[in-house]
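Got some structures for you, see below.
Both complexes shown next keep subunit A, but they swap its partner, so subunit B is in the first and subunit C is in the second.
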Partner chain A sequence: MTHEDTQITSPPKPSEILLHLGPQHPLQPGPFVLDLKIEGETIREAELHIGYIHKGMEKVFEDRTYLQILPLTDRICYLASNSNNDVYCRGVEELLGIEPTDRAMYLRVLTNELCRLQSHLLGIGEFTTDVGFLTMFIYMVREREGIVSLLEAITGSRLNHNYARFGGVANDLPPGYKEMALKILGDVKKQIKSHDAMMSSDSIYCRRTKGVGVLTAKEASELGVAGPPLRATGVEYDLRRMEPYLVYDDLDFKVITQTEGDVFARVKVRFLEMLESIYIIEQCLDQMPSGPYKQDVTPYITRPKPGEVYSRIEDPRGEMGMYIISDGSDKPYRFRIRGPAFATSQALPPLLLGGYVADVAAIAASMDSCTSEVDR
Partner chain B sequence: MGIYEIIMDTLVFIFATNPFSPWIRGVLGGLVIGAVFAGALVMVYLERKFLGDMQSRIGPNRVGGRFGLLQLIADAIKLFTKEDIIPAKADKWLFIGAPIVALTSGFLMVAVIPFDYLYINGNYYAVAVSRMDISILYLEAVSGLAIFAIFMAGWGSSSKYAVLAAFRNVAKMIGYEIPMGISIISVAVMAHSLDIVEIVEAQSSIWFIIAQPLGFVVFFIALLADVGRIPFDQTEAEEELVAGWATEYSGMRWGLAFFAEYFHAVVASFMITLIFLGGWNGLPIVGNLYIPGIFWVIAKVIIVMMVFIWIRAALPRYRIDQVIDIGWKVLIPLALLNLVWSTIIGLMWA
Partner chain C sequence: MGDEKIDKTIMVELSNTFKDAVSEVDVPSLNRAVARIEPGKVKEIMQFLLDKGFDHLSCISGIDYPPDKMEVVYHVTSYSAPLVITLKASIPRDDPNIDSLCGIYWNANWYERETYELYGIKFTDCPYMKVLLLIEEMEGEWPLRKDYAGYPDLT
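Up next, the complex of A and B:
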């Protein structure tokens, strides 16, 4: 299955309407256009157009020094800024041939999991508004507030954290952080469990989500979908387990899967993953080694040896990869980003076919795409 | 005799001595519509504050003191001063007419709503603009006019979202007016009358919510669908159809359409109060203390409104095909079952 399979080629028949959804529409996290050919309320054909906020980031990166690129990686997707920092830094570290310190690795895992938590909370929140459940959105944002304040305490900012550095992280944990984190995470864990139970037991919610927008494992792998949408189809694919980076080898966690592959399963995967993330963070706080949080000597001007590297990470939304080619200068020769949201967006039109107009909101939000990253 | 009764006595005296004077009826009608209008304002305010409490946020808290009492006035000023935009391709008269028809159908419904039933000088007087023998049928018929308003808006806006919303609304209404009508007939069978005043009086011993709980459930769900509140707000589902049939409206025209919805919700609360919750028949908890019937009516209406808001906070939205399934496959059979039940009980009661 490719993008060409879901192009609208013929004009609508007299019984059909062409609904031009976007580029500004309340269901969208950012501007894109979804052309739907509908007959009554049923979707016959769907076509996705992207590129409304294309920023040309990869080209911009080729004109910046390695250190200047670092804060820009936050802006690829503000909900995954820690993951983006981390994957970029690991790529450059591999080119430079250095390793982050032990404590820095734990701190990066800690912030990555916090980042996953707040991204999933907001993702589920946006999803619930799209099925008309505003209350749950506000509850989710309330829970997210605690997580964001935990990130703020470490990194100093609530969004676009810019925390990872080559060979370490920007700063150490503030004093008393462990107690504060355990208290907030305990509350959040309790609330997440209660929200999950509340949503799963709601009959209207189940009718809206079960059996809707079913993605099969085969389609998912053909379209390059990873992350929660793929794990919801029953495939146990998680880079933290498949290709352990940082200290994920030493940590205990389950790879959450569901088998149905529908909207309900995707949201359920996110709910359960949040509980796993909290468990990982608790382990990190317990096992955190003492020692320096960054390398003693970090070069001010970074000039890696010529070579190329592909580093990847399990982003909140899927698999994030960065391909960097160095020619020995202080700027990358070629930079390429493989974003998870691009793949999940690509999977959207085939899922809509045969569904109802009302399902567009539920399916699109359950894929948890991010236009900022699609149009990087 | 309290002030309330003196006022009512005067009103009823004028009304009873001059029952056909259009002036008297006009004044009374104005008062009653004003009262329901105020009810709609209360509902908007409650919706913001009470819903805010349930969603763990504050709600309006700046304009008019820390409780945001003047928020509505600020909103009204904003809506009045906004530019009035009519889309170039719109069907102008349908577009302009739709909010007016929506509000008018609400006003017409208010005409037969009784607030109290007073015993003065050996006669009973219903405090209503107009007392009809078939007032409940009239109410049902006039409430159907609101569908035209939404269809006019949907068709006149020349917007695909609005047309889809109008289609949805018509499909929904066809499915839900029937169970609503059947449950109203069940009540009428039990009360032996189509007059709302008689129906409320028939509940002086036992409220119809207890006599026919099934009918209440069917009626309540159908009414929720009728006024288009969550989980039945498919006609203005924001994430699907932007603002549904009101997508192209702006300024005070949108304000009228918005207000008409709340007006209908208030009238719906009155209908539930009067038809199932015993109207002015109070609870026997306060002993010999005299509480005017209008107090009970208003208290019950506010409770019903809060239940509407509570439902909005607690439930997601159905998909339109599921809504229609529920209407035809669940509510109509249940309504018919309730009709059989109420006929049997009604005959035994008689």
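Up next, the complex of A and C:
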């Protein structure tokens, strides 16, 4: 890999044309421009331009108190809002020197896995639209509706949940939640298996995805990607196993890997991960201890001691990290967001080189990027 | 899962190898280590860590400490072990320059472009330096510096 793989180095020759994809296109998860220099149908050079929805969140956070930042972490990426809440709260908890209660830890794992489920469902749904399989999108959104209703029942909101709190969570489980969850999850599990079987056995789908956009394990770690695109190459890198946070140590789950590293493998990893997530949620519902779900007092103004923390989490898309520096005041001195989609987006242009224009949508969607989080 | 060889002894090794360039080594928790490094030695230190198995550059960030100091912070970790090493290099605020890591970690490029446009920190020998998130007109504004007054409303 060289850095010339990520840029358009020269104007197109007479045999080549420059094709701009974006910033607005129905196939995109958000606004960005992908410039392609193509010769015939083959991509010679590719460059990604981002920043169309740059919100300056890192600057905004320097001017908000710790509690005010909490709902804003949802907005980094609405599909990963629970994970973002959790990673932020764990960072601040470490600065404050407090621990969440046992029940809160289980509740956070439960919502994080529900969050992973709905993110993967929508991610696969968008991906299938991009490869021209619109029916599957409708199915995926139907299954996702059940998961979102489970999240809504706990957190009270459907998208930006704002659920974790310093030392606990906002709400306890509503009455009868376990029965409702087991019923919905059972249905979703059955449907996921059937969709997976349907897609894997479809010859047109397989021809569009197998051997396309191949990333080897060595290339993937060189490009710095994490999450499903990396695990699809066979690297067992999952922070839930590597650096067990919350109660992942007490739960039984497999780290899903595939070896091919192509578009098909990346989608397959997401399918299998969803089944693991359901398994984790079932264990959480069984093992959840009783007791308080939050600390007695959640202070409105928190002033952590001067210090710094780097907390990270296995987000639905990969490794989400937050680097918080406290100077002893009620606002962070510096807040750095290290998003997983930023890393996968950077790796997109080299993946496209030498491929066909018709495969661009499939490859880009299989990386499951989130422009909102890339731009922050 | 965890590689037996990658643990905190790397910090001892690091400070022994680079006696003059590594200071204030701290190991705050199980999987975290912090050290301060000399900005001139950043490439050698990173190459050393890469050879020791730290093959994943998690992130590069800038921090502004007016009136005279800026910091570049590197988070390096490994795909086979949970240890995250935070390395901080202090550079003067009136002439913020540091070597680019693009030759060692491929993915350093976007992080360096982001740090450049937000803080004005120049990365020497960076193969591709251009604003990433901001519009080109904002190059030179350095919005994440503490004394940034805000972009004028041009509407």
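Observations
Here, the second predicted complex is superposed on the first by the 371 of 376 C-alpha atoms of A that agree within 3 Å, B and C clash if a C-alpha of one lies under 4 Å from a C-alpha of the other, contacts with A are read in each partner's own complex, and residues count from 1 in each chain.
What we mean here is this: contacts are C-beta pairs under 8 Å (C-beta built on N, C-alpha and C of every residue); 3 or more make two chains touch, one makes a residue touch a chain.
None of the values given here were measured: they were computed from a predicted structure.
For the composite obtained by superposing both complexes on subunit A, the positions of subunit B and subunit C are free of clash and fit together. Of the two partner chains placed around the shared chain by superposition, subunit B is the only one that A:25 touches, whereas subunit C remains out of contact.
Of note, the Cα-centre angle with subunit A at its vertex and subunit B and subunit C at its ends comes out at 130 degrees, rounded to the nearest 10.
Between subunit B and subunit C, more residues of subunit A are touched by C. Of the two partner chains placed around the shared chain by superposition, subunit C is the only one that A:347 touches, whereas subunit B remains out of contact. In the overlay built on the shared chain, the residue A:131 is in contact with subunit B alone; subunit C does not reach it.
Residue contacts after overlaying the shared chain place A:139 against subunit B, while subunit C stays out of touching range. Of the two partner chains placed around the shared chain by superposition, subunit C is the only one that A:375 touches, whereas subunit B remains out of contact.
When the two complexes are overlaid on their common chain A, residue A:204 makes contact with subunit B while staying clear of subunit C. With both structures placed on the common chain, the touch criterion links A:357 to subunit B but leaves subunit C unconnected.
Superposition on chain A places subunit B within reach of subunit C only down to 25 Å, the least C-alpha distance between them. Against subunit C, the residues of subunit A that register as touching in their complex are 1-4, 6-7, 50-51, 54, 56, 58-59, 94, 221-224, 226, 230, 235-237, 239, 241-243, 308, 310, 312, 319, 321, 323, 325, 333-334, 336, 338, 342-343, 346-347, 375-376.
Looking at the complex, you find that subunit B touches subunit A at residues 54-57, 160, 164, 167-168, 230-231, 233-234, 237-242, 313-322.
Residues 17, 19-20, 25-27, 40-41, 128-135, 138-139, 142, 202, 204-205, 207-208, 356-361, 365 of subunit A touch subunit B in their complex. Subunit C meets subunit A in the complex at residues 1-2, 29, 31-32, 34, 55-59, 61, 63, 73, 75, 79-82, 84, 86, 102, 105-107, 109-110, 118, 127-128, 131-135, 143-144, 148.
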